Amino acid sequence: MEASVSAAVNVSMLAMSVIFTVLIILIFTIKALVKLIPYEAPPAPPARKVSASSPPEQDDQVAAITASLAAHIGKRPDEFRIVNIQSR
Amino acid sequence: MEFSFSSSTQKIVNSTAFTTLESGDALMIGIACLLVYLAIWKKFEPLLLLPMGFGCLLANVPMSMMASTDTGGLLNFFYQGIKHEVLPPIIFMGVGALTDFGPLLANPTVLLLGAAAQIGVYMTLIGAVFLGFNMQEASAIGIIGGADGPTSIFLASKLAPHLLAPIAVAAYSYMSLVPLIQPPIMRLLTTKEERKIKMEQLKPISQTVKIIFPVAVTIVCCLMLPGVTPLLGMFMLGNMFRESGVTARLHETAETHLINIVTIFLALAVGSSMTAESFLRLETLKIIALGLLAFAFATAGGVIFGRIMCKVSGGKVNPLIGSAGVSAVPMAARVSQKVGSEEDSSNFLLMHAMGPNVAGVIGSAVAAGVFLSLFGDVGSSIDTHAALAPVIGNPEAGIQALATVVEVIKQ
Amino acid sequence: MEFSFSSSTQKIVNSTAFTTLESGDALMIGIACLLVYLAIWKKFEPLLLLPMGFGCLLANVPMSMMASTDTGGLLNFFYQGIKHEVLPPIIFMGVGALTDFGPLLANPTVLLLGAAAQIGVYMTLIGAVFLGFNMQEASAIGIIGGADGPTSIFLASKLAPHLLAPIAVAAYSYMSLVPLIQPPIMRLLTTKEERKIKMEQLKPISQTVKIIFPVAVTIVCCLMLPGVTPLLGMFMLGNMFRESGVTARLHETAETHLINIVTIFLALAVGSSMTAESFLRLETLKIIALGLLAFAFATAGGVIFGRIMCKVSGGKVNPLIGSAGVSAVPMAARVSQKVGSEEDSSNFLLMHAMGPNVAGVIGSAVAAGVFLSLFGDVGSSIDTHAALAPVIGNPEAGIQALATVVEVIKQ
Amino acid sequence: MEFSFSSSTQKIVNSTAFTTLESGDALMIGIACLLVYLAIWKKFEPLLLLPMGFGCLLANVPMSMMASTDTGGLLNFFYQGIKHEVLPPIIFMGVGALTDFGPLLANPTVLLLGAAAQIGVYMTLIGAVFLGFNMQEASAIGIIGGADGPTSIFLASKLAPHLLAPIAVAAYSYMSLVPLIQPPIMRLLTTKEERKIKMEQLKPISQTVKIIFPVAVTIVCCLMLPGVTPLLGMFMLGNMFRESGVTARLHETAETHLINIVTIFLALAVGSSMTAESFLRLETLKIIALGLLAFAFATAGGVIFGRIMCKVSGGKVNPLIGSAGVSAVPMAARVSQKVGSEEDSSNFLLMHAMGPNVAGVIGSAVAAGVFLSLFGDVGSSIDTHAALAPVIGNPEAGIQALATVVEVIKQ
Amino acid sequence: MEASVSAAVNVSMLAMSVIFTVLIILIFTIKALVKLIPYEAPPAPPARKVSASSPPEQDDQVAAITASLAAHIGKRPDEFRIVNIQSR
Amino acid sequence: MEASVSAAVNVSMLAMSVIFTVLIILIFTIKALVKLIPYEAPPAPPARKVSASSPPEQDDQVAAITASLAAHIGKRPDEFRIVNIQSR
């Protein structure tokens, strides 16, 4: 038997110390993080804008849908206008 | 070659497994069926134990070439993924993608419970050494008390590959038995009043903190214990996929089909290492016994430290959440909830127990890291990998540095 | 190195595939396009034949390094998964996850139809030997009559890897042609009255039986024919995922994304072995012809045995379900339904035909197992695997035992 | 072995990464955090840069065995997939499954814009040679201007593996910066009137054409430039899965979980090659600077050729769609749409810009093919693969033929 | 030609015998199984209990929802009570 | 320095020529394809047939559903008849 029980006890004490050391460092890291970056309630979702400045993604969608629609109804894209996309 | 009817018949008869089936094989097939039974009808971690049992069944059909040691066989191929430590980290990435560190971040001191529960690992280590295992073997057995399958498999494949099968079976079986093992210990070590303690509600945590946390853990823990980087780093990467909010595709894949695929291969491979030769030994019984010890002491360690935290905090901590520090996510946290609500049905400990529960995962990974720092040796890993990449560069400068230091100390 | 305009131009011109394109390559590209055409416009097993055709296309671009023999190339990499018999068993796991053995369990005697349909395999074997193939080659060709892609690929890669491409192409093509090949044979071999027979409704089966069945099949069949364990064992594991009710995650992955991923790699790899050198041979034509023979005889075998069962049972069995014993799930069962409903539109044979249909899968796997017991040799497998795992242990004790026995018999 | 408390402590302290952490490692960890920051908070190609940054973090923990050069380590294992050119083609298959060639087929002349944008590649090549890189390195750097991640990684791993990390980082970073880099160049090189041009609506395309197109591209391009077959062929296969209508299962897997899995592995592997030794060099700064040049010239090339097409077509082509020829799908097409709608909000260029956008992908693949024809050498690929498949056949007849030709020319 | 047709016939007859043997064994195995474990109609789904003994899973859910809700409405978990979770 | 700028310029000019050559060939290929196989508007979806010749797939479905239903209600499949499957 290569390993003795006393060695095992030594290793165990050491390892538990290391574990507590590492996790205590982690606790302080988390506490520092939480203090530095406090929780802020997420803002209420903004009301849908009806003005020209719709979000850029919707611009894409309008462009894509317009082009498809144009292809489908056989009109040039500037002969009609999509006013609003309503997601359900 | 002659193919007369009689000679061919002879050949077929001789090639049936019956001619070479030994009692050991038959017994292992029985054990395989037992695992499958436990997985399906007793719901013992079925995602692991069902394919593991089936892998054991296939491996023990003589001449099937399905044992982990059958070079060229299918399950030997999957087994390479364990041997080279590829599969457990990928599973851990998926587990990270499934883990919510919110409760831990809201109450970080519960990390101490995740540390305290590791006492189970070390009591088992001492017990294993006492029973005649060497230090590496004892470490791999001890980590059963960490109650984390991939961590156990990862460490066993590094420190004691010949004990992989019984360690994996013990780890997953006892994990399933947590609802039976823990409650009596929890009731024994706490008073009725302590069990009734209601904890303050957790404060919400900024998403930014949740995103930075995995990076912080990786830097802090991996710099201190580099050996555990494959496991802990991938765990934290999975969590980044989850919390970052910009990698929904990767998050979804990591927590569903990727972890599922790897689980199938890993469990089959572990099962394929359950041959009569490696499993039907006295050591297996010892490991099964030590595993129970590990879970019991881990639970006790968590609960006792919970009582200390209860005292120190002036009664704000319910010691029942300590038992969740063994990990076995989310089973152990549910047990805390259940035992708590037995005393007072309006006591909701589940969320509070999730903190120590995930802390236990980090705790066992750190414990594995300590073992790797002490006993880790990459020799075998390099040997096997040599086949995959012949241009072996400098074999791990760090380990060499370490070896040099050890030499110096010896002198 | 000089990079003058003219020398560089020369270099580019010389490196175009046109300079080395031979008529064989061009013909193979045409065959690749034909396969793609059949897959898309004729719906010939498109999940296999589309990537297989595309792999053939890529492999036959000279200097593209995409042939299965181009060491270091992409498709050679996937081809290793066939060579080392990793991919077909994983596909079979997915097929198992997709298979419902309920109709078979409700009427187990139809397993005999799955056995009888294997006569196609052996008529083809005899024909192949007659045409000059050796025994191993003839076995691999014969199994086309098993009408199971993965089984054919698995056996061909073991017994006659040089014939893999034509065998795979024949197997999948004729499988798609089942609705054309079978009906005339079925009508020829049955009477109008027999075709009108209505069968009793199937009795329901306990879920417990469905769970135990895959374990039972594995134990019974793999112990008797160990060589087929990778295929049949994984098939049954997939079915366990399905029926156990506790591994929904693994079941979903096995029957969707995992089988899809492996199908892509397998089909590309098979396609990459379709080079002019290996495919444009007289052997290929012989195999195509023998494959048709195989399907025709398999259908006939099933139908004739169906008539026997009809007689023995006193007219309770419609012989049309016999043709489903060739497997080709679920196509062949649909053909039984269709031919039956032509005589009497109120005759519903589909569920009854599903029994022999899945029995045919087991039947061909067993047939493959018999071939492996007779002609299997793991030499090549060990050789190639040697690269992956240098520490070759004892090469397959069972086979050595078998060799010893054979030696003894010879004396 | 002694395990006294003090010697064990010493061992643990010595095995922490702190003892060997050098300033380079620390700096690289900082760079890793920067990449993660850019990925999450600046949304720089997060699917790639987040795992890449995390891989860099893990690789730079000393003694973690996670660098791409650590034989036997986890990320070295994934890195083999880049080294042997397996992962980029699989990603390209997924990209093909996500690509709609409809707009390109409706207006095929925009392929010229995809060709013109490659001028960025060559201006960068010349710049790189000027800054002291050799021809292979300069080619790999130049292809950053192709604005295709997998193409860059594929070419870099073949021609200049030591520059893989900075090239990949530059390619993905600038791709994310397309909305910042392109608009000023586009406005500078076009007149207000040109930007207001409205294009005719695209005509619909037969599904049959969409199906035949990938086969046609494969045959035309791969026969002319065989070296790019793994990349372009797999790209077109993915598109076949999409358009054929008979392989919905494979299509879904290729464009979701398979590409996700491979992306995780690829990005981690690229990140793992970002070690202090390989990344903290003057070359990296040069490459970052050249990358910006590449994107700027590619944009300019596309826009200027757009003006030419505008002139030739009699004002029917809006030159703003030229910038989309750099690829960076679909970002660059969106930029065309945005800059166009700034002048006239009723101008819808997005669909028209999708044509040159996907043409740019084909264009860069062709550019990569030209480089491979000129400078490609499979020596290293064969060397490393030797380990995987010992039975090396004849090493790539085509390349040998090429070498012979080169010899002859030299004389 | 190494193999003779007669050898092929031998092998074929042998193989068919083996296949029938194996599958007949399988038939009897199945028959035994089906006899031992007869089919039982699944019991009608039990009516939802309203009493305290709700299933353990729902306990968890109630606990989790209570904790979340508590965090949200800013009350202690014992100041209110979730009576029932109705899945839709 | 192995490579000279003039060599780089040479290579660049050559490569651009090759790229344009390849892509121009591709343009003509596409034009030929589109000319050979013109777009045809997809036919309006055919009205559901009520007659005997329902699509083969539905035959299967009817067979399967009939068999299941027969097992469930305990009648022989020919004692009742499924007339139509309406997908929603």
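Here are a few things to note about the model shown:
Letters A, B, C, D, E and F mark the chains as written, and numbering starts fresh at 1 in each.
Note that contacts are C-beta pairs under 8 Å (C-beta built on N, C-alpha and C of every residue); 3 or more make two chains touch, one makes a residue touch a chain.
Since we're looking at a predicted model, the values are computed, not measured.
Annotation: the B-E interface is duplicated by C-F among the options A-B, D-F or C-F, judged by over half of the residue-numbered contact pairs being identical. Chain B and chain D touch with mostly distinct residues; of the residue numbers seen at this interface, under half occur in both copies. Centre-to-centre separation of chain A and chain C, using mean CA positions: 46 Å.
As a whole-number value, the distance joining the C-alpha centres of chain B and chain F reads 46 Å. Remark: chain E and chain F have CA centroids separated by 36 Å (rounded to whole angstrom). Rounded to whole angstrom units, the spacing between the C-alpha centres of chain C and chain E is 29. Touching two or more other chains at once are residues 2-4, 7-8, 11, 14, 18 of chain F. Looking at chain B, residues 1, 3, 8, 12, 135, 203-204, 224-225, 256-257, 370, 374, 384, 386-388 sit in touch with two or more other chains. In summary, the structure contains touching chain pairs A-B, A-D, B-C, B-D, B-E, C-D, C-E, C-F, D-F. Residue ranges on chain D touching chain C, taken from their complex, read 84-86, 89, 93, 135, 211, 215, 218-219, 222-227, 229-230, 233-234, 236-237, 240-241, 244-247, 249-250, 252-254, 256-258, 370, 373-374, 378, 381-382, 384-393, 395-399, 401-402, 405-406, 409. Every residue of chain C that touches chain E in the complex is listed here, in rising order: 104-105, 108-109, 111-112, 114-115, 118-119, 121-123, 125-126, 128-130, 132-135, 138, 203-206, 208-209, 212-213, 216-217, 220-221, 224-225, 359, 362-363, 366-367, 370-371, 374.
Interface residues of chain B facing chain E in the complex, by the touch rule stated above, are 1-5, 8-9, 12, 198, 200-204, 334, 337-338, 341, 345-351. Those residues of chain E that touch chain B in the shared complex are 2-3, 7-8, 10-11, 13-14, 18, 52, 56, 59-60, 62-64, 66-68, 70-71, 76-78, 81. Of all residues in chain C, those touching chain D in their complex are 1, 3, 7-8, 10-12, 14-21, 29, 33, 36, 39-40, 43, 46-47, 50-51, 54, 57-58, 61-66, 69-74, 76-77, 80, 256-257, 260-261, 263-264, 268, 383-384, 386-388.
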